[in-house]
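Notes follow the structure.
When the chains are written out, they are named A, B, C and D in that same order, and each has its own residue count from 1.
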């Protein structure tokens, strides 16, 4: 069975989107790339700032409410259907719930050949990159760096602390066979 | 049956995204909003500029190649699955193929209660708004204004030439009952 | 003396940036367009959220602190110098201080031939457009619509409530002679 | 004399903007950050794609025409005036003309205490980062990596190939004394 789905999981500013774009450039076929940012952007503006939706606290903590949660579940089902319908897809996500987040994906992806990739980055380095980007709530990188990997199993892990996105992408692409 | 899907079809710079955001604000429940721009953004960078993908000619013409087409079909299936899984969704699209584009959506949306909305805008006015936005290829608005509506059937049509996005959104919301 | 500077003053979501881009398109010579958004973007991230800088309150109120104020004064001097050095420039600004804001500009622009343009928009219409844009704090449009014009004198006023940006731009361009 | 101006020169995707944002975060006083991107954004849309303005060729080459050149000269004068008026400023630029570009800045900055910083990045690494960003014309990073430093004299050079933006920023900040 050919792998048609790659899930990149890592904390904010760990370099997932950059790896996704590099993967799109190095993979021979066209792959789509979507992520939790795509979902947040599709939400009503009010859900981006209230307790029912997703809240970015000034200290970098992220709280997800019940309405966000329900829409996210439907969105995940949609992504899985898109892959089954023939679009090879890279998803970048932040498993705020660690192993529980992975199980949610595993349920909707049942029967698909998925490559699970952990994207690590030293917490202090990720915090510095967050500062350099300038468009994220300060503190997210540090607070998510470790927790998103708790109990998650991977086929492959990459670490962007000392390795470029393109190199990580090539390592991942090589594993697709 | 409750309507859980609204399809907004109109030319570039006709005001679809603004109406979608206003709909999200006025509808009592949270709705997701996605569109062809979401899809283009998910594509590999190379597909955004080559004949196999989507090409924006200097005169505003848009040409869609076979690989874009295949990924778009899978994406549409994914959107339909997302709606079926419980996420009420507004799609804004540009039916470059007119009636044929609508048929593609009708096939993937079979069995769902969909509200089809035509978003009209006087061609010269849309061209002026394209200039005011400053982030689109000049000429798209004018070249798409009429052609995207050819042979398409709607439940409702709105016209942004003299009507604000919010007013259009309220008219559409009222039709959901 | 040829006019080399156009100042557009109006509340948030009144349509200033759109008019500025249309002016750049219709004016025969190349003009630069800068605005208070350019300045905010040049500020350190911390000044964008603290009392010393600029604060966007959840109700749409905008508070400007002493450090923002000092940098803004220097920025205005820089814009004036750029115009004197030969770059025709459109500035879009929000005169939170009404007449006092205009006097600050008049001081740095002394000796230059400036076209002062008031950009009006009905408060409710501007609030609707703010919703349609989806990228602004809700409430800014309504709270600024009237106050920014208090005591300000104009060479020309345009109103985007029922008039397109491009038409407003043509009216302004015609006044340059 | 206190240094109130830092000029960062380096090729596309060498990491200048990230360093500028980190400098704003680590410097005790508020500094403004502007750059050639700020200028390009202020230009009329037509000047961004024609021979009279700035052209980004498909191979990553950048050609600057006479009208862009004239506006840039005035913009540089404006930046210098802004610094003299009291706003400490970080400029990030791409010296397409090498030493000649530096001389243009030296003329407008005469009498100011400027810290000249070269931002180096291995050409292949910069090209990889360009791919990871996904919003730049491919080829710019490689074609500019070396040429922008030809004949330029610096107070300090940093290299982002193996050093994080934040670390580079701290090195630069330490030199301000």
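Here is the rule we go by: a residue touches a chain if its C-beta (ideal position, glycine included) is under 8 Å from a C-beta of that chain, and two chains touch if they have at least 3 such contacts.
Keep in mind that this is a model prediction, so the values were computed, not measured.
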| item | value |
| --- | --- |
| Identity of the chain that, by mean CA position, is farthest from chain D | B |
| Repeat of interface A-B, chosen from B-C, A-D or C-D - more than half of residue-number contact pairs shared | C-D |
| CA centroid of chain B to CA centroid of chain D, Å | 39 |
| Interchain centroid distance [CA atoms averaged], chain A/chain D, Å | 32 |
| Rounded Å distance, chain C centre to chain D centre (Cα mean) | 27 |
| Residue list for chain D, restricted to those that touch at least two other chains | 21, 25, 45, 134 |
| Complex interface listing, chain A residues touching chain B | 21, 24-25, 30-34, 38, 41-47, 52-53, 67, 70-71, 73-75, 77-87 |
| Residues of chain A that touch chain D when the two form their complex | 15, 17-19, 21-22, 25, 125, 128-129, 131-134, 162, 164-167 |
